[in-house]
Amino acid sequence: MLLELKDLTLLYGRIQALHGISLTVGEGEIVALIGANGAGKSTTMRAISGLRAVAQGTILFDGEDITKLRADLRVVRGVSQSPEGRGVFPGMSVRENLEMGAYTRRNRAEIDEDLDRVFTLFPRLKEREKQAGGTMSGGEQQMLAVGRALMSRPKLLLLDEPSMGLAPMLIQQIFDIIVEINQQGTTVLLVEQNAQQALSRAHRAYVLETGRIVKEGTGQELLHDPAVKDAYLGVA
Amino acid sequence: DDSSGSGDTATGSTCDLKIAFFGALTGGNAQLGINIRDGAKLAVDQYNTKNADCKVGLVEKDSAGDPAQASGLATSLVADTKLLGVVGPAFSGESKVANPILSKEGVVIITPSATNPALATQGDKTFHRGLGNDASQGPGAANYIKTVLKAQKVFVVDDASEYGKGLADQVKQVLGATVVDSAVVKEQQVDFGAVIDQVKGSAADAIFWGGYYREASPFLKQYRDAGGKAKFIAGDGVKDQAFVDGAGAANAEGAILTCPCVPPEKAGGTFAADYKAATGREAGTYSAEAFDAANIMLEGIKAGNTTRDKLETFVDSYQGQGVTTKFKFQENGEIDPASVAVWAYKVEGGKVVAEQETPK
Amino acid sequence: MNFQFLGDHFVSLTVTGLTQGAIYALVALGYTLVYGVLRLINFAHSEVFMIGTFVTTIIWAGLGFSVGDAAPGTLGVIGLIVIAMIAAGAASGATALVVERVAYRPLRKRNAPSLIFLISAIGASVALSEAVGALTDRQPRGMPTLVVPKVQFSFLGADVTNLQLGIFFSALAMMIGLDIFINRTRLGRGVRAVAQNPDVAALMGVNKDRIIMLIFILGGAMAGAAAVLYDIKVGLTTYSVGFLLGIKAFTAAVLGGIGNLRGALLGGLLLGVVENYGAGVFGNQWMDVVAFMMLVVVLLFRPTGLLGESLGRARA
Amino acid sequence: MSSLRRADEGRARAMTGLRSRWSSLPRAWRIGAIGAFMVLLYSLPGLNIPLIKTPDTDFTSVLFLCAVYVLVAVGLNVVIGLAGLLDLGYIGFYAVGAYTVAILGSPNSPVVVKFPWIVCVPIAIAVAMLSGVLLGWPTLRLRGDYLAIVTLGFGEIIRVFALNSNITNGNRGINGVPVPSEANWPSWMTWFPYVSSEKQIFSVSNVIGFYWLALTLVVLCILGVRRLERSRVGRSWLAIREDEEAAEVMGVPTFKYKLWAFAIGAALGGLSGALFFSKQTFINAQGFDLFTSILWVAAVVIGGAGNQLGVAVGAILLAYLPERFREFADYRLLIFGVALIVMTIFRPQGLLPSRRRSVELEDRAKEASVVE
Amino acid sequence: MGRRRRASLSEQLAEREPLLEVDDVTIKFGGVVALNGVDFTLYKGEILGLIGPNGAGKTTCFNTITGVARPTTGTIRFRGEKVVGKKRFQITRMGIARTFQNIRLFPEMTALENVLVGADARHKTSVVGALFRLYRVRVKPEELTEVTATGGMTRLAQQLSRTGQRFFGLSRHILEERAARAKGMELLQLVGIEGRAGELARNLAYGEQRRLEIARALATEPHLLCLDEPAAGFNPAEKESLLALIRKIRDTGVSILLIEHDMRLVMGVTDRIVVLEFGKKIAEGSPSEVRDNPAVIAAYLGVPTDAA
């Protein structure tokens, strides 16, 4: 297992957001995390990337206990996140934003190669290479955030609602890109509201409700699960 | 203990009477205050040794030279009916606040250092000044510049303080057209680039400094560093060893410092030696004046003037020789002009030494 | 008002102003760096500078050069200055770091709002300057005259001295170095990332605490260097030198656009020059008034300073 | 309306223990307790309580200073605590108010008119308010921290002006600043220790009249500000503090309300200055330094910005402690500085915080995101 | 221009009263032309959708309408009055309210207080009025408060205060405050979070915050409500209930301008749709017209089946 969460509990002040989450992500998998607003999906992601301290439980990455590791050191270990709300650096140009993604890497040639790859994936970013990140439109920022997460060549890529704010055509594209990245060897943990798309691409998936995992299975299983269909896929 | 209420009639024994020191013991101007306090303390201690059976106490009120603190301190002084007189307040600003309060309750005031002329016109009936005011020092300095230095172009600097500006205005008035330009420096200013540009631009051959040594020493150092050659003359606010040390002895060499105070070595009796013995330091500026002021009051108390009213009458009509000069107060509390001597001191070999009395 | 004087001495006032401005700018960098990253007016930075001025005198005195001592030869002087720069830079940097550790870090850990930081900063500032005040009996401390100003050349009737040239260019060099560091290097980019979004910066692998330490040390070191230049120029220091100079430097930082390194340079130089003109025209006592008036006027037309804010987060 | 009541209960739940216990007392009790406390405040000068008496300085004078500082803090609290504007040059308004009274009322000022106190003070308040508006007009459009430096500059400009202008007489100053009234105490007042019927109510050597006047003004101003706080105005200030742009989009004329906050703060600052220097009867440029201004801000925050009781406590400590512990005179600023750091670390919400702030701080602290 | 084009639309629309007229609006940021001669009209009572690819200029369009950005050229009229150049709070008082793409509540205020800030936009109590409470309004005897009846007030005091109110009326401040709280609760009820009225906004769940934003905007009594991607981050079930809410709001007589990428929501709720691409309007019409428009499919929808 590349990532293993054991019985994770997390508090926001008085509010308990996670009530003992356990999940695993195997090497080379795409794992989806779906659930209603406030279910704790983003919170789980923050716990994994180290933006929030957990109250209880352990996080194992590549066999190592990283529960108490600082966020930046987790990046060095190979965990990279495109955060909820995009988190673009508003005062840096698009290019600098992407370079920030490669902050922990030193090999210039490889970095340039990856930059090219991101620019091919999102031509709009190439067009706006010098524009300040903060002035990009909502969707453009989303592309930037995903592209930036790719720049660290992570072992594990955490994507928090990558399709949020994207136009329908691009949504299609972004999921294709996720699959492509995965096939190139990156493990992906994906949080999505667009459950339909997410489940159809994911190897496995978990369903979260109010801070607890209530279901797990392969993507296809959940896609056809009537309860899931009812709650998260909407009436087609 | 102060439950007897306010009033001028002291009750009980007359042997626990007090006089007070009022001035800065802390803050940026503490050194002057300490000089004064020690002068007064020396007088009281000497008195108490001689009159061990009926001692007089010395109350110390530290105002930090701040008018805002002065009023509360003065009010607490007047509430103590055993307290008859005050040596101080040390600075003119605080005097303006404290004097009306003290005077209203009849507390006798002899200031050894506040030299602003306006203090005598505030209508404070118990006010006395034990030395010449700025109106006498200013002309003294100006006359020295005119007749001894024979300067042609004088540049006048003041620090906008009550004291400094008053002095500078006097000098300007006497010198008239000889003053080619003037500038105002800020309190605690340490960098004088612009002023030095101005002084050099004016081609002055003498600079008069109305202010304190805290600003004067860095100014003079920077001015000399910048190649300035003009003579430097300042008032008693600069007359302190700290000035020479701050500016550097070489830079300060030849500077003239005027003071309406008699050189301690010329002061009568054994004051200079006694002071050194008591405090371990040389007598500083205004120490001797404070010593005299305290002695006048002590003399009054000794003579049985044990109420504020009686002491006031005593001081008003006092005549006598102190270590600094001969004391006799005018109606408005100013010392008799005949007793005022303004001395010029000179920095020589890194020391401030008395040179001559300034021409009248 | 004396416009005549300004006209006659324009160039020489400019030169003096630039020298002063270079020192403002160096100190302003510390404000700008910390503000850019933490959105915090580091009030104690003025005291970081003040410590530098004292360490300089102590070092020189330790090497046998006190007030009134004659300066050694040129090489000796340069040596003394370099040693002082290193020592004062280190001491100021260390002071800044201590302030960060003691006064700010505990608050950061609690995520306190910026007003609280300001109060803690004021506390640190007061405590530092008063501590030094108590240690020095509030007396000023003089320096040896190391550099006797010599006119190097005359420019449009104004004498330019070696001292002025030295101060100006060494300050400029340090600022350019810092600018390159922040804008061109990886670590510099990390600084900017933390400034713009600390959480996401951590997600990129930036060690936030280290970056914060770095900016305090950098800002402190610059203030230390400024302190040496100041000592050479002014020739004396006291426990309270920091207060007004700090306010001026902060004004300079705001003038140029706080959080913007080049803004600090521009703001510092402009402030130095304009207040010197102001002193020439209106009199020395109105110097600070002129400086603040200019600030208000500039902010009226450019609400985020001359060059805007670049390190910091953009407003959403 | 039951849901409305529940909404208010939600608020109450967030209150801290002592406060909620207080507000659950019957109203009559609360009024009684406040009344008793007021009586205590008014009679403090006559009570002669040993430990709290100041050793060196007249105790009533210190009480008066406390009252003036509380007035300052109440005004500054409107600006900082309620509207969230950082004003580091508040002393400028204090100076403007003080000088207006001195210049218009003193026979020794360069201006020939000689208005009585009761005329001068409203003018002083108006002038201070006007100066607040004049300063605020161009600068309140700036963002928070810029305002800090600009106000700092304003404070310094006022001081330099006072020091160098002819109308203020520079550091020579103006004496004979008018006192509120020349009248003597009526004879029926003499039951109170310290009051004697031959004495003036507002006497320089017995300042109880000044203290009572200041205390009365403090009470009135606190009540007035409380009214504002609990109205649409206070809510708008709060919204501006939270998110100015969102507030504007919700229809809050943010500039107008910030200007009002500034003007009200300035007016109170002017009043306090006028009051203080009426008692001192002499004014010069000393005592208007920026440092004092910054200390005031510290006092407000340490006391608990946003809560009037809190800022009052902060102000009282600032005025009282240095007088009580004069023996540490040389070290008091050092102690003060260290105390500020310690306070912010161990009690960042202030001594008596507003409910809202303490909740906010608690929540923020718990959310601190760092993983060690 | 705009006038003629409107005539070409259905007869029914031409009769309706225009509420918002965007006329030839262009806005440039340096080299980027974010809006290029855009014009459209929103009629009273309708829900107008604004869609387009990422970076098409939708948010920018919003910003110009609500006064956040100023168009380089062009005019915008609301109920016949010019909008461009007005201050933001004035625009709100004219009757345009908005929500933010990323939520911007007042986090330290309770839900109810957030709504009250919105309601204040319609209030008249001034600073002086709040301080001295001189402006008094006569109230009918049956409206006299029970406010004073709470707490340990004696009967005599109650009687006195009631008599006082009868003679001197109540201050406008108190009346407005009372009315606003009632209205605030009503709006919270409308969006379905009345149970959370006393909770600090920051402690509400994301979905609740979005609803609160809508309630706060409605409290300003707008004629037009602008929603920027209100469903972002909602799952289908939540989107469904949002759709119902939007309809409910429209039924209270508020017109709506809606930016949204979720086609099911847009198609389901809007009356008409305007499509932008690269800052230009490329289509306008009923949902079905737009859905079948080849230009729109090419630029935006991709596969036409998405919303089926």
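Note that the chains are named A, B, C, D and E in the order they appear, and that numbering of residues resets to 1 at the start of each chain.
Throughout what follows, contacts are C-beta pairs under 8 Å (C-beta built on N, C-alpha and C of every residue); 3 or more make two chains touch, one makes a residue touch a chain.
Treat the numbers as computed from the prediction; the structure is a model and nothing was measured.
Asker: Just how many steps, at minimum, does a route from chain B to chain E need if it may pass only between touching chains?
Answerer: The fewest touching-chain steps linking chain B to chain E number 2.
Asker: Using mean Cα positions as chain centres, tell me which chain lies farthest from chain A.
Answerer: B
Asker: Once you count every C-beta pair in contact for both, which comes out on top, A-C or C-D?
Answerer: Result: the pair with more contacts is C-D.
Asker: Specify the chain most distant from chain C by Cα centroid.
Answerer: Centroid comparison gives E as the farthest chain from chain C.
Asker: Where the CA atoms of chain A average out and where those of chain E average out, how many Å apart are those spots?
Answerer: Result: the chain centres lie 33 Å from each other.
Asker: Counting in whole Å, what is the centre-to-centre distance of chain B and chain D, each centre being its mean C-alpha position?
Answerer: 37
Asker: Any idea how many Å lie between the Cα centroids of chain A and chain D?
Answerer: Here the centre of chain D sits 52 Å away from the centre of chain A.
Asker: For chain B, give me the residues that contact two or more of the other chains.
Answerer: 160, 184, 186
Asker: Hunt down the residues of chain C that sit against at least two other chains at once, touch-wise.
Answerer: Residue numbers touching two or more other chains: 199, 208, 283, 285, 288, 316.
Asker: Multi-chain contacts only, two chains or more: what residues does chain D have there?
Answerer: Within chain D, the residues that touch at least two other chains are 160, 163-164, 245, 330, 360, 363, 367, 369-370.
Asker: In the complex of these two chains, what residues of chain A are touching chain E?
Answerer: 13, 15, 34-38, 85, 124, 131, 135-140, 142-143, 161, 164-170, 172, 193, 195, 230-235
Asker: Where on chain B does chain C make contact in their complex?
Answerer: Of all residues in chain B, those touching chain C are 27-28, 30, 160, 183-186, 188-195, 197-198, 201, 214, 217-218, 221-222, 225-227, 242, 245-250.
Asker: Flag every residue of chain C that touches chain B in the complex, lowest number first.
Answerer: These residues of chain C touch chain B: 5, 8-9, 12-13, 16-17, 19-20, 67-68, 138-140, 142, 145, 148-149, 233-238, 240-241, 244, 275-276, 279-280, 283-285, 287-288.
Asker: Report the residues of chain B in contact with chain D in the complex, numbered from low to high.
Answerer: Touching chain D from chain B are residues 5-6, 25-26, 61-62, 64, 66-69, 71-76, 78-79, 93, 96-97, 100-101, 104-105, 116, 118, 122, 160-162, 165-166, 184, 186.
Asker: Given the complex with chain C, which residues does chain D contribute to the contact?
Answerer: These residues of chain D touch chain C: 80, 86, 138-139, 141-143, 145-146, 148-150, 152-154, 156-157, 160-161, 163-164, 245, 290-291, 294, 297-298, 301-302, 305, 330-331, 333-334, 336-341, 343-345, 348, 360-361, 364-365, 367-370.
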